[in-house]
Structures are given as C-alpha cells and as structure tokens.
Amino acid sequence: MEFAFTEEQQMIRETAEQFLADHCDSAAVRRAMATEAGFEPELWHRIAGEMCWTAIHVPEAYGGLGLGYVEVVALMEQMGRRLLCAPYFSSICLGANALLLAAGEAQKERWLPAIADGSCRATLAWCDASGRWDATGVSATFVRDGEDYVLDGDYRYVVDGHTAGLLIVAARTPGSAGTAGIGLFALPADTAGVTRAWLPTMDQTRKLASLRLEQVRVPAAALLDAAATDAGAALANILALATVALAAEQAGGAQQILDIAVAYTRERQQFGRTIASFQAVKHKAADMMLKAEAARSAVYYAGCVATEALAGGVADAELAAAASLAKAYCSETYFFNAGTALQLHGGVGFTWEYDVHLYFKRARASESFLGDAAEHRERIAAGLGL
Amino acid sequence: MEFAFTEEQQMIRETAEQFLADHCDSAAVRRAMATEAGFEPELWHRIAGEMCWTAIHVPEAYGGLGLGYVEVVALMEQMGRRLLCAPYFSSICLGANALLLAAGEAQKERWLPAIADGSCRATLAWCDASGRWDATGVSATFVRDGEDYVLDGDYRYVVDGHTAGLLIVAARTPGSAGTAGIGLFALPADTAGVTRAWLPTMDQTRKLASLRLEQVRVPAAALLDAAATDAGAALANILALATVALAAEQAGGAQQILDIAVAYTRERQQFGRTIASFQAVKHKAADMMLKAEAARSAVYYAGCVATEALAGGVADAELAAAASLAKAYCSETYFFNAGTALQLHGGVGFTWEYDVHLYFKRARASESFLGDAAEHRERIAAGLGL
Amino acid sequence: MRLSFSEDDERFRREVADWLRANLCGEFEQIRFRGGPGDEHMFSGERKRWEQRMAEGGWTCIGWPREYGGRGASIEQQVIFHEEYARAGGPGRVGHIGEGLAGPTIIAFGTEEQKARLLPGIRNGTELWCQGYSEPGAGSDLANVKTRARLENGRWLLNGQKVWTSLAHESQWCFVIARTDPESVAHAGLGFFLVRMDQPGVTVRPIEQITGTSEFNEVFFDDAVCDAGDMLGKPGDGWKIGMALLGFERGVSTLGQQMLFQNELDEVIRIAQANGRGKDPVIRQRIADAWIGLRIMRYNAMRMLSGQQDGSLSREATAYKLYWAVWHRNLGKLAMDVLGPEAEVIAEAPYELTRLQSLFLFTRSDTIYGGTNQIQRNIIAERALGMPKEPRPARA
Amino acid sequence: MRLSFSEDDERFRREVADWLRANLCGEFEQIRFRGGPGDEHMFSGERKRWEQRMAEGGWTCIGWPREYGGRGASIEQQVIFHEEYARAGGPGRVGHIGEGLAGPTIIAFGTEEQKARLLPGIRNGTELWCQGYSEPGAGSDLANVKTRARLENGRWLLNGQKVWTSLAHESQWCFVIARTDPESVAHAGLGFFLVRMDQPGVTVRPIEQITGTSEFNEVFFDDAVCDAGDMLGKPGDGWKIGMALLGFERGVSTLGQQMLFQNELDEVIRIAQANGRGKDPVIRQRIADAWIGLRIMRYNAMRMLSGQQDGSLSREATAYKLYWAVWHRNLGKLAMDVLGPEAEVIAEAPYELTRLQSLFLFTRSDTIYGGTNQIQRNIIAERALGMPKEPRPARA
C-alpha cells in the first residue's frame, strides 16, 4: 500500500502546476474560450511538444511515454484547477483511450503516434440528442457495402467535434439495440458526408459540437477491429476511463475554487473584520475542503484502478464502479464548491470580471456531462445487486 | 382571504397550550410512555370531559362541537409540542374520521357520541406487515356468510390497537387488489377471534400494536355502509385526514424542539460566551425556524382544505395533495429540527435525562408513519402528471 | 382561517383580468412574460410605454391612498392584482422602484410639497426611479456608507459611488443614502437624497454580469447636485428612512412574484414531461419538492400578509427572503438538471442564453442581494429568536 | 501510487486471519461482532478474557516498539491487523484506551520506571484504562478543566469530576487532566495524572443514555490519591501531553473501524434486498451514496496514513473525523429508512433496542464526542485553510 504519488508522479504534477500557472491564467482562459475553436494552437503545441502530456499514457511502442493513468489523472486535476482550454480531454481521454481499448495493432500504429505528438487531435462521438451517455445513446448506424462501411446518423455533445482531425464514432447495425451491435470507426474529420457544427454552450471553456453523418463511406479498415462489431463493452470501458479523467478535472476545479474563495474571504473586510473570521464563512470553507479532499481520494483511487484496467488487470465492473464513484462524488463536490464560492464572493461573484463564474459554469457542465451524480449512483446500486 | 386563526380558534389554541403546559410536562410524558397502555386515564378524562377535544370536529348531531378540522390541527400542533401521550390521534384522527367519511347514519349515531365524549376510544387498522400505508397494504379479507361477515387477517402498526375499545378495520374481498374491493368494519375490540398485542417501539410516546383476526364473525351492520364494499376512496380520504393531523403534530414538535434548543444554547456557556452567540449555532437555529414556520403554513393550509373536504367541498385529489404536501414537509422538518437540537445540546442531548431524545425519537417515528417524505413527494409527482 | 377570497375581491380579480386582457396585447404582446430578473434590460422602451398605459387605466400604485392617486386598495386586492398581473404575463415593471419603494417612502417622510411634486410622475408612469443603496465593498453591510453629501450654496453636492443599481439608465430619479456628517460612522450622520439622474455629476456604468448581460450598474456621483428641497427628512434621518423603505419591499408583491415562480416551475414540468426526464424518480422527487416549496411559500406569504394588517414585521416574515431565495436558486438548478445535457446549449452565439439558463445563473444572485443568506440567518436568529449578537471583537 | 499490499504484508494478513479463526471461537463465539459502539457495556467479562487471549498470541499492542512488548508492526501491518480483526468480527476491545492512548503516551512522556511498571499490564491485557478528559459543562472546550490536584505529603490529591468516561467500571487506571495551579486558566497549569480506579476517592456513576443503556459514566474524584510517581511529565505539562495523546487517536485503527462500518452497510443492503426497499429509487440512491462514501473514506484514510509516515498531521487528516462522523450518522438514518415502519419495533420490552436502532441512536453521538462537527469545522478552517480565529470578544 503506497497511496501517495511516487516521486516521478509528484514531479509531473508539480511541473504541470507550474506550467499552467504560467501559461493558463485567467486572461489566457478568457481569450481561448471566446473563440469558436476554444483553444489557442500555441498553447496546444507546448502542451504536446514541450510537456509531452499527449504522450503520457500512450505505450512507448506507439510513440508515447508508457506511463499510467494515475499520471493522466494528476494532469487532469491540474488542468481542472486552471480551466485549461485545450482539446486534451477529447484527444487523449476519449480518442487515445478508444484506440487503446478497441483498435487493432495496425490501427494503433497508424493513429496513436500522431495523437501522442499532438499533431492529430481526436475525439469520440457516440450519443445522439437523447443525451444518454452509454451505448443506448448510440443511434447512428453502419452497414457493410462491399469493402466499405456506410455510416448514417446524428451525434450531439461531441467534445471538440468541430475541430478534431480524427473522429472515432460509435454506430450500430440497423435493428440492434442496447449494447449489442456496436462498432467503432475511426475516420478523418474531412471524410465526405460528415458535417459538423459548433454547439455554443453556457460553459465556454469546453466546446461541444454536433455531427451529422450522411451516407459516409469508409473503408473496412476504419472499423476498430479489436472489438469489431461487438464494441459495446469496449465503449463502456472507454467511457469509464474518460469519466475518471473528467472526475479528476472536477476535483482539481473544486480545489482551486476553494483556494480562490478562501483567498477572497481573507482579503474582504465587512462589519469591521475580514469575512474569513466569520464562523459561517469558515464552516462553508471547511465543508468545501472536506469535499475537495475526498474528491481527490476518489480520483486517485479511480486512477489506480484505471491504470490496472489499461494493463488488463481488473474486471470491467470494478472499473465501472470506480468511475461512477469518482464521477458521482466529484460532480456534486465541484458544483457545491463552485456554488458556495460564488455565494462567499457576494455581489462580485456575480460579475463577469471575477473568475468564479467560469468555475461555476464549468462545474455545472461537467456535472451533467458523462452522466450526473444520480445516474452514476443508480449504476452503483445496480452493481450492488439492488 | 384570512389566513390567520379566528378569535375562537386562537382561544382554543391558547387554552390547549396552557392546559398541556400544566398537565403534560416532561414528568407526565415519561410516566405515561413507560406504561404499556401509553396514557394516563385521568388525563384522558380531562381531555375528553373537561376540554372536549374529542368532540371538536364531530358534528353537533352526534354530540360534538361541530367545529372544523383547522381546530383539530390547532390542537394537534399543541399536542405535538408537548409529546402528549394519549389516544387522541387514534380515536379522533383515525377512528372518528373513518366514521365521519364512511359510516352510515345509524352507525354514526351509534358510535360517534361515545367517541366525542371520550368514553369510547377507537382506532383504525388497515395495513399489514408490508407497511404499505395505502389500500395496497390491506391484506385482511372479509367474506359474506349469511347475515354476517367473516374477517381474517393480520394488521401491524395499529396505533393504540391494544387499548382501543372500537376497532375499525379495513379488509378486502378475497382476490381483490389495489383500491378495489375494500370494506371498512367497526367492531368492538372484544369480539371473538380478535387477538392483539402491544408492539413495543423505539419512540415510546405513541403506542403501536399488532392485530390478528381469525374467523371473526361480525353482523352485517358492522360494515360501514356509506362506502360499503367500495371503500378504497373513503380509506384514502380517511388516511389523508389522519396525515394532516399527524403533520400538524410534527409541526408542533418541530417548533417546540427549536424553542428548547434555543433556550439551551442561550444558557450554555462555552469558550467564555453563551453558545447562542456563535454564528454556527445561530444559523442552525435560523434554519430550524424557517422550517418550523413553513411547516406551520403547510399544516394550516392543509387544515383549511381538510375542513372543506369534511364539508364535501373539495376534490379528493386536492385533499390528497394537501396532505402529502404537509406530511412531506413536516416529516423532514421535524426530523431535521430534532436532530439539530440534539447536536446543539452536545453531550447532554445524548442522555436519557434531557427531553431532546423524546422529540428525536418521536420525529423519526412520525416521519415514516403514514408514509415518509419521499413517498409523499412521489404521490405529488404522480398528481402533477409526471 | 380561510383560503378563499370574498365575492367583492373576486369581482375585483375579474376587473383586473379583463383590463389586462384588453390592454396587454397588440404592441405589448411582445413584452408579455419579459423583463423579469435576468431580462430586465430588454424592451425598456416598450415597457415604459406599458407603464403609462397602466397609469391611464388606473393600475399603477393601486395600494397608495386615493389622495396621492392610488386606489387605496386593500391587501387582498393588491395581492389579487399582482397575481393576475403575473398570470397574464405582465412584463417586469420598470416603475416598481418608484411605486413600491420611493413613493411609499415619500408618502411617509416627505413634505406636502415633495409629495405634490414627486408622486404624480410615479403614479403616471412618466418618471422612473432607481435606488442608490449598496456601495462597492460594503456588500451586506448597508451602514458602511462612504458616499458623502455636503451643503454648498443651499444645494447638496454628492460624491461617491453606488453599485447594483438596476434601471439606472432609464430612470429620472435615484434615491441615495449619503453621509452628511463626515465625522460620523455607521448608522449615524446619514441623509436620504432624491437625486436627478440627468445631470453632469451622475455617471452610469453597466456591470457585466455572469450572464454576459448588464441589468445592474455602477452609479458615480461627482459633485452631483441635489436641491435642498430634494432631501427627504433631515440630515441624520437617512438610516431611519432607509430602513423604513426596506420594510416596504416586503409585502404584497410577493404573491405576484410567486406567480412568476409558478410560471417557471410549470415550464420545468412541461419540459420534464416532454423530454422523458419526468419519469426519472430522482427528478420526480425534486419537482415535487419544488412544487411543495412553492405552495408553502404561498401560505407563508398569506400568513405574513394576514398578520401584517397592523404593520408589524411578524416572526415568519423574517424568514421569507431566505425561504424564497433558496427555493428559487434550487429551481434554477432543477431546470438545468431536467434539461440534462441540452441545458448547456445556448440560444445563440456568441453568448445569448436561453430563458432557463438566465434563470439558473440569475437565481444565484437571489441568495446574495438584499442581504445574503448569511445575513438573513443572523437576522432570523437575532430578531425572531432573540439570540445574542456576536460579541464585538476586542480591539487588536 | 498503488492500492495493493506487498506480498510480505499479505502473508502477515493470512497470519492474522488464521490466528483469529483459531481463537475467536468456542467460548468467544458469543462475543463476535459485539461490544462495539452502543454495545460497549455487553460481555465485559468475556471481552476481558479475550483481551488476555490476544495478549498470549502476541496480538495486543502490535504497533508498539518491540522493547515494550509490541511487534514494531509497520503502518501497513497495523492496518491489516485492524482490517482482519474487524472482518473476523473481533469484539470491541476493552483494552483499546490503554493500547491506543495511555500506552503511546506513557512511551512518549513516561520515565523508564513508569514504562517498566505500567506498560506490561496494558500489553498483557491485565490492566485496563479509561480516560478522564471531558468535564461536565466543558463540552468541546477541553481546556476548561476544573478538576484540581494538590500535592500533600508527596501524594497528589484530586478533586473534581469527569464525564463521558467509558469502561470506567472495568478499568484499573484512569488518566486524568487536572489543574495543579489553582490560579491558572485554560491551557496553563495542568498536570497529567495516572490514577488508580480502585480506591475510596473514586466514584463511578453510569450515565443513562438515549439508548436506555449506560456505556458512559461520570467519574467523581474526592481526594482521590495519585502517587507522585504516577504523574506523567511535570506540573504544567498536562495540556501538551493531553494534546499529544489525542494525536494518537487518529490513525491505524481507522481502517478497522471502516471494516465495522462495512459490516453495518452490508447488513443494511441485505435488508433492502430482503424487504424490497432496495427497489425504491430513492433508497437506491442513498445506499449507493453510502457505499461511495465508505469507499472514499478508505482512500482518505490510506492517503492520510501514507502521508503520515513523517508523523505530521496532514491537511486531509483534519477533515477525517468530520467525514466519518457524518457518514456514520447518515448510515444510522439510512438503516431506519430501509427498515421502513418496522424500524420502530424494538427487540424486547421494556426497552431493548435492535442492533440497528442502537446504531441509529448511537451515531448521533459521533458528531458530538471528540469535538463536535462545529469544532471540527473550526479546526479545518483554521489549521488546514489558515483562516483566522474568531476575534476575542471585547470584555463587557
């Protein structure tokens, strides 16, 4: 039992903390979030080329660093603290994971090196306007036509879907339902028949898009073949890994907004004293800290399970439970902390000028994305045999 | 619109407040609750004979005072404040109401005067060990046999079932289900084939019992004939009226335990000051007051609706919604307030000597009795067409 | 105790409803249900014309005494008016600060000359008012007034800054609490000034809010002029008058506000029915809870109003602000959760929010302005429960 | 970062489990799963014998250094021991105050003579300890010590009262914080005394609790004698030693405690499956929430222990008490709600509660003893977040 970061992990974490403090301040976030693409290419190049974050858990055989998911979790936590606007989550925590879990050897060799060096930005599209985050949300279809597959359907809430270069899409055989008959396809975003549109959102720091596939013809090699046309379980695992990363980001945000709120209350004077000396304020902050620390424990645990899962060492159910645990707890924690921080800021928390609202909106968006706390609790209840 | 007590109602309320303060102090409650019967006959005689509370909403034609249910609510609120141990709820809010809503003229004339003068104590038995509080909890059966009915079955959680003189029991025709095929019967508790046993409970201030009916033969006149064998709707209305009364009792308890807690915190010194001056304590008390006041609004409203319902003036659905609204809110409020009061008392709240635990246990018992908050919210959701 | 209204009152209700049906249409159709919180900056021209239409019909200031142009309406009638107004989708009133705050304060504390001069503009919907209460950095500490007023040549000159002033651009008048005695602190030495907005000494700067819109403003006073006759009361009366004014805020409009809440809740329920989330047991619990909370809010308010006939602030009234603010904030969150992932998608780029998104974000201010939840809890504990104030800190 | 234990540790785990399987049976079968919170007064004779059986097997005080009879077990091993102990249904330890509090404190602050004289009795399960910390009326204000100690003829005479002392009847020793300097206030002037319970100057009176049982006691000292050699440290060291002792409370036993929690949660889940409430969506949410909360508690504790190798109290550790106390209290409530109406029915008249009823009632004390939730939040805010203490009140 060694439930603390190793020295190397600690170094990665601290380097990330410093880099983001330097390059991802409020001004940078506000610049990026105001654009349709939602990120600044220069920063992306540094993240990928200089920091190698895009390579972190990609195996060395595919040009990656071959580290574990705990390291991804450590990075996502820091990114969450700074509201990093960059396609890291989409390309690495959705795209790379999809390839790692569902692609065949040739497909991995083809795509992963470019993802690991940041030159290719991938994402995953699966659910339609129903907003069901699991396989039941897949309504796009694929049919075999000679050497090709033909894809049709709509996707919504696709992270960075309008800017990614590589789309990994889930589709199902016509007439199939639930987790059966699912296939995952990797196709360049400029494939004929693909239209995509930015979906402007309340939280401006993560960009969503809608995709439409109309008679999109792809070669047979586009079907991720490790899971082939029975990719329902693989899709669940991919989403579980993404969920763990998202929870880590939430935990980071929950911590940062606590720090921001505490700093503000220590500075702010009212009724002749710093408001941080009021018990009502202190107790709110204490509750925030309790939750932030617990959120961190949850995501580190989930990161450990995810690392083992990527190495093939744990059952799907354990990964799913760890992801749901982390997401349920971190979703409520981040929203609670951001909402409380807004309250502790009083009137200024309600202005565009202060950063609180950026965290508040991100907390809300992240809460429902990939399933809210109630949904994940229900999954856990089912797993407990209830 | 005159949403305040009339002068007469105010007088009833104040008289009750004073009477209970005089005759229902902690020592009296502790004496009564330690007995199997759970009440002291002398006090019951005064309540019925002197105060005429048992007659309050019984029509004058049956020896009552002919007042409204708002008056019952006002009394129940005061009884809840003092944890009155007496079969008032069972005899009046279950028994009398059952007769008022389901009995024929002859049956009312036979039973109500004795209930109104307190010489007869009634109760209602309907649900079995499933603890389902509505008609679906009725599993006892009745069959017609010549001029008689024969009843069989088990009842649980029957308030004062081991001490009441008149049992009103719900049973169903064999094979029926849900709200169909329900009949209500009034039978003296000493009818052959009836066995009853005290069910000792964690909350000692309200006594429950189990009943067993084995081949209990009653004359046809025992069937409450206004609703006859289609008494499902009447049963729902009877239970709604009881629920309103229970909610009023909860609101009273929630108020009283707040008062007790505030008094304690004003007295208690810690860290060199009265703990009532700590913001953490004040804010808890403020939340308790907000809830207690809202609970009161809820039960006064429900009392008005119930008064109209007894006069035939509102739809069943409105009465049901008012009852569910009041019960859902008051259940959570009472438990919150009692739990918070216990916390504010610190160590002494955990002793048998202080009264807090009596409220705390009563709050818990009342919370689940007749359906907890979640159950009543679900009923409301269904009523909203969700 | 009775829930229903008298026959006379019901007649009055029909009169209000009929008038609204006949008038809130045509050019005013577009402003139905608009201009509420989060939407206050919209349609200000149309809403000003609407204010005058209301005045023509005799529907402004109905609770004022007849001698000042009101109807002397009973509390029941005022409640009914606000209910019907909200039910009909009457737009957010640009005149509400004049009608509900400035007017009653002038009636209570003004001279006959001030009443004669200032009340008709409010009554007729021709002069709008805004309020200069909060100051930057003061927050809930209302007595922390730094704006100063000095008397020069028979006129008051005001210097300082107010914040969170809505409708500042639209208003002809602002009432301002300012410090007349520069040596004074806290509640003492304040004056209550009625200041014309259209003058060089007054600058209005919109505050960009969390919604990207700017209902609220900062107002700067740089030697802003206030004629001696436009002070209410005497120097030193400011706190007393200001507190009385806040008292006018509570009251009859609450049931109208609740009708707006009901509209919002109904919309959430409709969405839940339409998108299937209404079958989710957890969402059902929350919707039912919201419904219960709003019904209770109604009876809270009715008790408050029934008990208020004698003018005192009852025990239950102290909790009212906290109650509705928390309820409304929860509704905003519920609206988002009922929408599910679609909650994120805005109406239009770059940042035009949907109505429910505005609700969600705007309701976060409900628990802050007009005294934060924390302040409200202090008030409840101290005033209603008689718990001691926090001990004054020892001087360091 | 890694969740699993080393192979050596797993070997140790098997050793513990094997020993428990071989010994926690026969006469001890009846005390399995007994003697926990709410049940501490039960089977005290059997549990004392069990303590000695443990000692014979070398399973008491395993975290103590070998020189004092311990095993010098690593943190991992201690965690494993507590986990296996709980998993096997090991009864509530009557020796835990000696092993976990008094012993480590004597090791840290005692003279060699004291160690040699006092530690073996703890190690061998022959001498039990209880604690004299809280005083009536002091509550969470631990420094508010009124018990006095005066030196007379080379012996300390203690006078005063302690409260919330569990196992006082069973114990041979009590450690007591008392005021040696009658002029002193708060933290100064206190001494730390080791007092024999079996003497005329000590009276134990059980406190009847909310459960009708009496795990806790009041202890009265009337010229209770404490030999000069039974003081730990010097007069004036009492606060320092007492605080250090409280520090020993946190730590390795937490994972064992969690295993007990897991047993309780499992029981709740079994009931929910059996009585059908497990199909209720709201109950499902709450059970899942409890499950999540307990899993996180485990990783909280593991982080805390992993970070504690250097002995410092980490940031996350300050929140641990609040976290588990609230979790456990919620579990008690959940247990009742899963039982539904049947939750009310007790085991036997007049007032013998079921195990889950005891849990429900007893967990209300979790958020009170050892520092209320309110005190815990102060500690978190001040120590972990660096927020200022409340200003001292000005003297009236």
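Quick notes on this one:
A, B, C and D are the chain letters, set down in written order, and residue numbers restart from 1 in every chain.
Here is the rule we go by: contacts are C-beta pairs under 8 Å (C-beta built on N, C-alpha and C of every residue); 3 or more make two chains touch, one makes a residue touch a chain.
On a predicted model such as this, the values are computed, not experimentally measured, just so you know.
With chains reduced to the mean position of their C-alpha atoms, the one farthest from chain D is C.
Of the two chain pairs shown, B-C and B-D, the one joined by more C-beta contacts is B-C.
Its interface matching that of A-D in over half of the contact pairs by residue number, B-C stands out among B-C, A-C or B-D.
Annotation: 41 Å between the Cα-based centres of chain A and chain C. Between the Cα centres of chain C and chain D there is a gap of 54 Å. Looking at chain B, one finds that residues 273, 278-281, 283, 374 touch two or more other chains. With touch defined as above, residues shared between interfaces to two or more other chains in chain C number as follows: 281-282, 285, 374, 377, 391, 393. For chain B in complex with chain D, the touching residues are 34, 36, 129, 131, 156-157, 198-204, 208, 268-273, 278, 280-281, 339, 342-343, 346-347, 349-353, 357, 360, 364-365, 368-369, 372, 374. Against chain B, in their complex, chain A makes its touches with residues 278-280, 283. Residue ranges of chain A in contact with chain D, taken from their complex: 1-6, 9, 70, 258, 262, 265-266, 273-274, 276-279, 281-283, 285-287, 289-290, 293-294, 296-298, 300-301, 303-305, 325, 328-329, 374, 377-378, 380-381, 384-386. Those residues of chain C that touch chain A in the shared complex are 134, 137-141, 144, 163-164, 207-210, 212, 280, 282, 336-337, 340-346, 348-351, 353, 357, 360-361, 364-365, 367-369, 372-374, 377, 393.
Interface of chain C with chain B (complex): residues 1-5, 9, 76, 79, 269, 272-273, 278-279, 281, 284-285, 287-289, 291-292, 295-296, 299-300, 302-303, 305-307, 315-316, 319, 322-323, 374, 376-378, 380-382, 384-391.
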